[in-house]
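Attaching a single structure in structure tokens format; questions to follow.
Read from first to last, the chains carry the letters A, B, C and D; within each, the first residue is number 1.
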Amino acid sequence: MNFASDNAGPMHPSVLQAIVDANTGYEMPYGNDTVMPRVRDMIRTTFEAPEAAVYLVATGTAANALALSTYTNSWDTIYAHSVSHVEEDECGAPNFYSNGAKLTLVEGDGAKMTPENLRRAITKTGATDVHAAQRGPVTLTQATEVGTLYSVEEIAQITNVAKDYGLKTHLDGARFANACAALGCTAAEMTWKAGIDMLSFGGTKNGCAGVEAVIFFDPEKAWEFELRRKRGAHLFSKHRFLAAQMEAYLRDNLWLELGAKANANCARLVKGLQDIEGAEIPDTPQANMVFAHLPRAAHRRAKEAGAQYYLFPLDVSLNGPDDELIRCRMVCDWNKTNAEIDQLVNLLCG
Amino acid sequence: MNFASDNAGPMHPSVLQAIVDANTGYEMPYGNDTVMPRVRDMIRTTFEAPEAAVYLVATGTAANALALSTYTNSWDTIYAHSVSHVEEDECGAPNFYSNGAKLTLVEGDGAKMTPENLRRAITKTGATDVHAAQRGPVTLTQATEVGTLYSVEEIAQITNVAKDYGLKTHLDGARFANACAALGCTAAEMTWKAGIDMLSFGGTKNGCAGVEAVIFFDPEKAWEFELRRKRGAHLFSKHRFLAAQMEAYLRDNLWLELGAKANANCARLVKGLQDIEGAEIPDTPQANMVFAHLPRAAHRRAKEAGAQYYLFPLDVSLNGPDDELIRCRMVCDWNKTNAEIDQLVNLLCG
Amino acid sequence: MNFASDNAGPMHPSVLQAIVDANTGYEMPYGNDTVMPRVRDMIRTTFEAPEAAVYLVATGTAANALALSTYTNSWDTIYAHSVSHVEEDECGAPNFYSNGAKLTLVEGDGAKMTPENLRRAITKTGATDVHAAQRGPVTLTQATEVGTLYSVEEIAQITNVAKDYGLKTHLDGARFANACAALGCTAAEMTWKAGIDMLSFGGTKNGCAGVEAVIFFDPEKAWEFELRRKRGAHLFSKHRFLAAQMEAYLRDNLWLELGAKANANCARLVKGLQDIEGAEIPDTPQANMVFAHLPRAAHRRAKEAGAQYYLFPLDVSLNGPDDELIRCRMVCDWNKTNAEIDQLVNLLCG
Amino acid sequence: MNFASDNAGPMHPSVLQAIVDANTGYEMPYGNDTVMPRVRDMIRTTFEAPEAAVYLVATGTAANALALSTYTNSWDTIYAHSVSHVEEDECGAPNFYSNGAKLTLVEGDGAKMTPENLRRAITKTGATDVHAAQRGPVTLTQATEVGTLYSVEEIAQITNVAKDYGLKTHLDGARFANACAALGCTAAEMTWKAGIDMLSFGGTKNGCAGVEAVIFFDPEKAWEFELRRKRGAHLFSKHRFLAAQMEAYLRDNLWLELGAKANANCARLVKGLQDIEGAEIPDTPQANMVFAHLPRAAHRRAKEAGAQYYLFPLDVSLNGPDDELIRCRMVCDWNKTNAEIDQLVNLLCG
């Protein structure tokens, strides 16, 4: 019963098999393997973007930090929501990779920045004054860190604000598949057709062992990215094992299938949580993750039975009034069984 | 016939099997998996270093740059041979991770710095003058980038110079296994017993898919390293797949067995090369790599038959006088067969 | 009628004379001049801090960024008010000098952070989690960027919060003299006696041409600071001209006298502004600077007569309804005459 | 008798007077003073470069590091002689300001790189390989750190090599005036007409208190430089005092007059040194600085009489054989008198 994170689960069998299959004979290293051209083509097809520059790295933080840094001067500020991976969970990697750029936090409910708040933040930055940090790119997270979604229209509204000021836009798509499956839109519709310039396309949380694609819909800075990736020590010598994962992940839209499966698992879990007396779920879960406020007694039962998920604050005590609500996060990956979900729900319901 | 690099070959079956075996169920992410404690213990045992801090990353450049940066102030200079991975092949990653430290090149034959040259370089740096870069760590490569080896005694002589000035020492052990097997010494003898403070212990070139251990024999900066690894985006969420590789690599000293096998393959190759008329091999190969000067005609025959290895300069033409010697690099991994080696030799001999 | 900034005015005659006097013969460079030991002694006496490490630089941004960076790891975050020079007016210099650290904004009225908000921000940062930026120093601005003051007690309350978490504290004292004069406290009371660890002690805005002292009350990192200053290109060869300014500035407490004079000038101005019909002054000016909301017509009269001060937004039009309030900033240095102040007030009053 | 450095002497009276004259009334800060446009015009006239972007900073290290960083990516390497200020005497400032770029050392006699060595170094860097540092700008020092000069033709030969690879060129002109006076060429001939793209034009060592101009003959990156200068904390608020110095320095070619005077002073000194029995002067002094090998007894007499200049190594003992040659550096600024020079020579001669 591990609902701690979607990075706690296994590889999908097809991804594992791809690694096994890739382990035959010799391949030129550093991205010059024979698998990568196929991956590049598949991504370009999937995203209807024949010119896109496509690169693989092994962690989501690397994908975000390297992609953003390619369009961030060291004196710029990056616009991001306060509840975002780049702000909260990367130990300053975007600042590091951009040689000291800042982050300007743009708020909005459900971990989603609003176009109005973004415009206000950009205006406040001041483009012409040498004394202030300068305007850098805008980064969105989809699905968000609290499991909500921007609609395609909302993404377009935000990128339109960015474009008004000539700013680039990045989408942190660590859970891109969940978002795409939930919205029922195409990969192109959620990205470049909505004004997104660069994407971190996640595989790790959705059935891969460790692979993320960085996609630039305009390839003008492709070579610079390659230098940044190498300098950041993220260019794999046995790159074929990244490429093999991604190929399996893209084949027959496995990524989308697994994203949908994870969403369905989460929906089943949410339905169960809603039956718990006193439970509150402030942000309606739209993808594969739920933040809920549940009675302490429910948590106590689940935890004592070995369920794994995060409570907030992290060090909150399970000793205390039974009825007091304690915030928690539960995440479902594609691999959860109905039985496991129901078992957790039953424990929580008591 | 791919002799381009030891990172062009496959995983050893045991390493692959470990990945397969690790793909069951859920594991806590970011190094909190159940495999890592075993890996830590095995490395401590292998190195007779019960207090060592042990971390895994996926690339050799990450291991080197992160390890060095932990003991390098941004105003320091790192002492390295001009023919070393940190100087030539990491696109400035050590400079990046150390926030702008310099490299001071220390020469010596066979890609090995001499104690005298190191002492001269350190003395020249000047420790007390605010105007100059300050003295940082010393890094050695073992086996070297040209396939030679420092003896254990030579390592100790160099680390003694470093210690005279209170400087830390790092060993780039991307080919540690080859060196250890060739010298017939223990892992401890080649490292901390010879005065080495931190080690990049390579797995990728020797049967793994992508895993390197960073080992600090003094764990005082362990937490700082963890922050640097995360900030550099090198902390894997599905860390168990790194740990699983390393566990298989360490079990029953597979690493040493594979290193010895690669060395033996190279010895067979070198023996063959020596029979080529006109061939020159300036640095006696001691590990799994040979740099040779061979007649153009020999290269032409091999290349036309599909053999892969590097010529220098990279863009040298195969059209030209048959007898002219052209420099090349050939690398053997553990997976080479005698038949493949002999085939290459036969082609070269004509 | 230039009320744009206290850095728009001239040197005090005594400071100028010190430069003239210093221009005789030869002096060893880079801080080894014969003036600097006297400056060091005077600062130690002024601050009752016989062990303090004292350094001179030429700009306030250099003082802040270099001082902070000495106690900020690149993975840390610095706690600062959103209305502070380090956040708004240094083009990311603190981020640059700290090799990419972040700023966490801590709010409070009148550009003063509150102890409660600071504690909340620190708690939120999380000290033990490798995924987040780590806790760095706290920086206060005194007098603040809107002309208000922390009481000595308020400073102590904030530094106490910092100390609860083992964090260092910095005071941006670009207008330290104004604050000290206004509060009637000693230099020691406003700094180390109130828990401040390091100080940017401003001279430039208060009668000097360009000199700021960086003072570490604990000298443990003095040498590191010297390296950072040199590496940042802020170590002056003809350092005696910095030292001479600072010596004149400290002699007979000229700094305090000029600070008091500037405050008195501002008080006279504020009194005049309060007589303007419709004028609003949200933050009570306590030092040498006032932010006021004045009718457009008042600004129009003043600007047409050549008065210089900033309107907000910077590009606001003077064409428009007469009564509409437009925000402005007016700053007095020590050199303002009553006649000039009254002239401005009269223009504004119409 | 201070011959330690040309930064140990006073301001020229005209420069001091300019500071005094500038200390009247109010001026807008941060380079918006009324003096700077005149300075810009004078430099453009002096250099016959009507489009040049011109900026002032206070230290030579700032001028070099900021200028170079404007054309250096963090993954580049800068080509510099091993005996140069950027390599030896800036504590890594060029590395810091370029966010971690490297320096590649290019040798040649008399602290002058040769075109052949530069070409070899550039070729070795490799432009297309992602694994290596990339090709960045070339920086020359004129006059060199040992008092020699590149001829205008030699500069052109080097910049031609740079241009063959599309690389930018920088001239560290901390002693530009001495070089220009010695060569009898124009400022334009020694810079852009010889292929130089950017210049650090020194004032500090030649009669100013602390001012250097950064000149970009192509202004395309002017705004970026302004951001870099501010972010580096090198934008002065009371900028008029930098501008005033530079204006006096340029007026009636004072800079050239003082450079010539310093050279003449050095020539007189060198003539005297040549009469010392056993003296050796390996590099013929061409500007205002001499490195000589003189008998210990000569140094002993001079030092005991209070003469100041550097011996190498810095800690060499004056106790020892009288005849043993000890290397020294002696520098003359414009302000040396014949009497002072002769006094030193007489002491040395004994």
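Quick note on the criterion: a residue touches a chain if its C-beta (ideal position, glycine included) is under 8 Å from a C-beta of that chain, and two chains touch if they have at least 3 such contacts.
Computed from a predicted model, the values in this text were never measured in an experiment.
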Problem set entry | Partner chains shared by chain B and chain D (touch criterion as defined above) | A, C
For this session: Average the CA atoms of each chain to get its centre, and name the chain whose centre is farthest from that of chain B.
Result: C
Seminar exercise, completed: If you tally C-beta contacts across B-C and across C-D, the winner is C-D
Problem set entry | Where chain C and chain D are represented by their mean Cα positions, the distance between them in whole Å | 34
Problem set entry | Centroid distance [mean C-alpha coordinates] between chain C and chain A, Å | 42
For this session: Go ahead and note the Å separation of the Cα centroids belonging to chain B and chain C.
Result: 51
Problem set entry | chain C, residues touching no fewer than two other chains | 74-75, 90-92, 96, 99-100, 130-131, 134, 227, 230-231, 235
Exercise. Along chain B, where are the residues that touch chain D in the complex?
Worked result: 74-75, 77, 88-92, 95-96, 98-103, 129-134, 314
Exercise. Can you list the chain B residues touching chain A in their complex?
Worked result: 2, 4-5, 7-11, 16, 19-20, 23-29, 57-62, 65-66, 90-93, 96-97, 204-205, 209-210, 227, 230-238, 241, 308
Problem set entry | Touching residues (chain side chain C, partner chain B) in the complex | 30, 73-75, 99-100, 130-131, 134, 224, 226-228, 230-231, 235
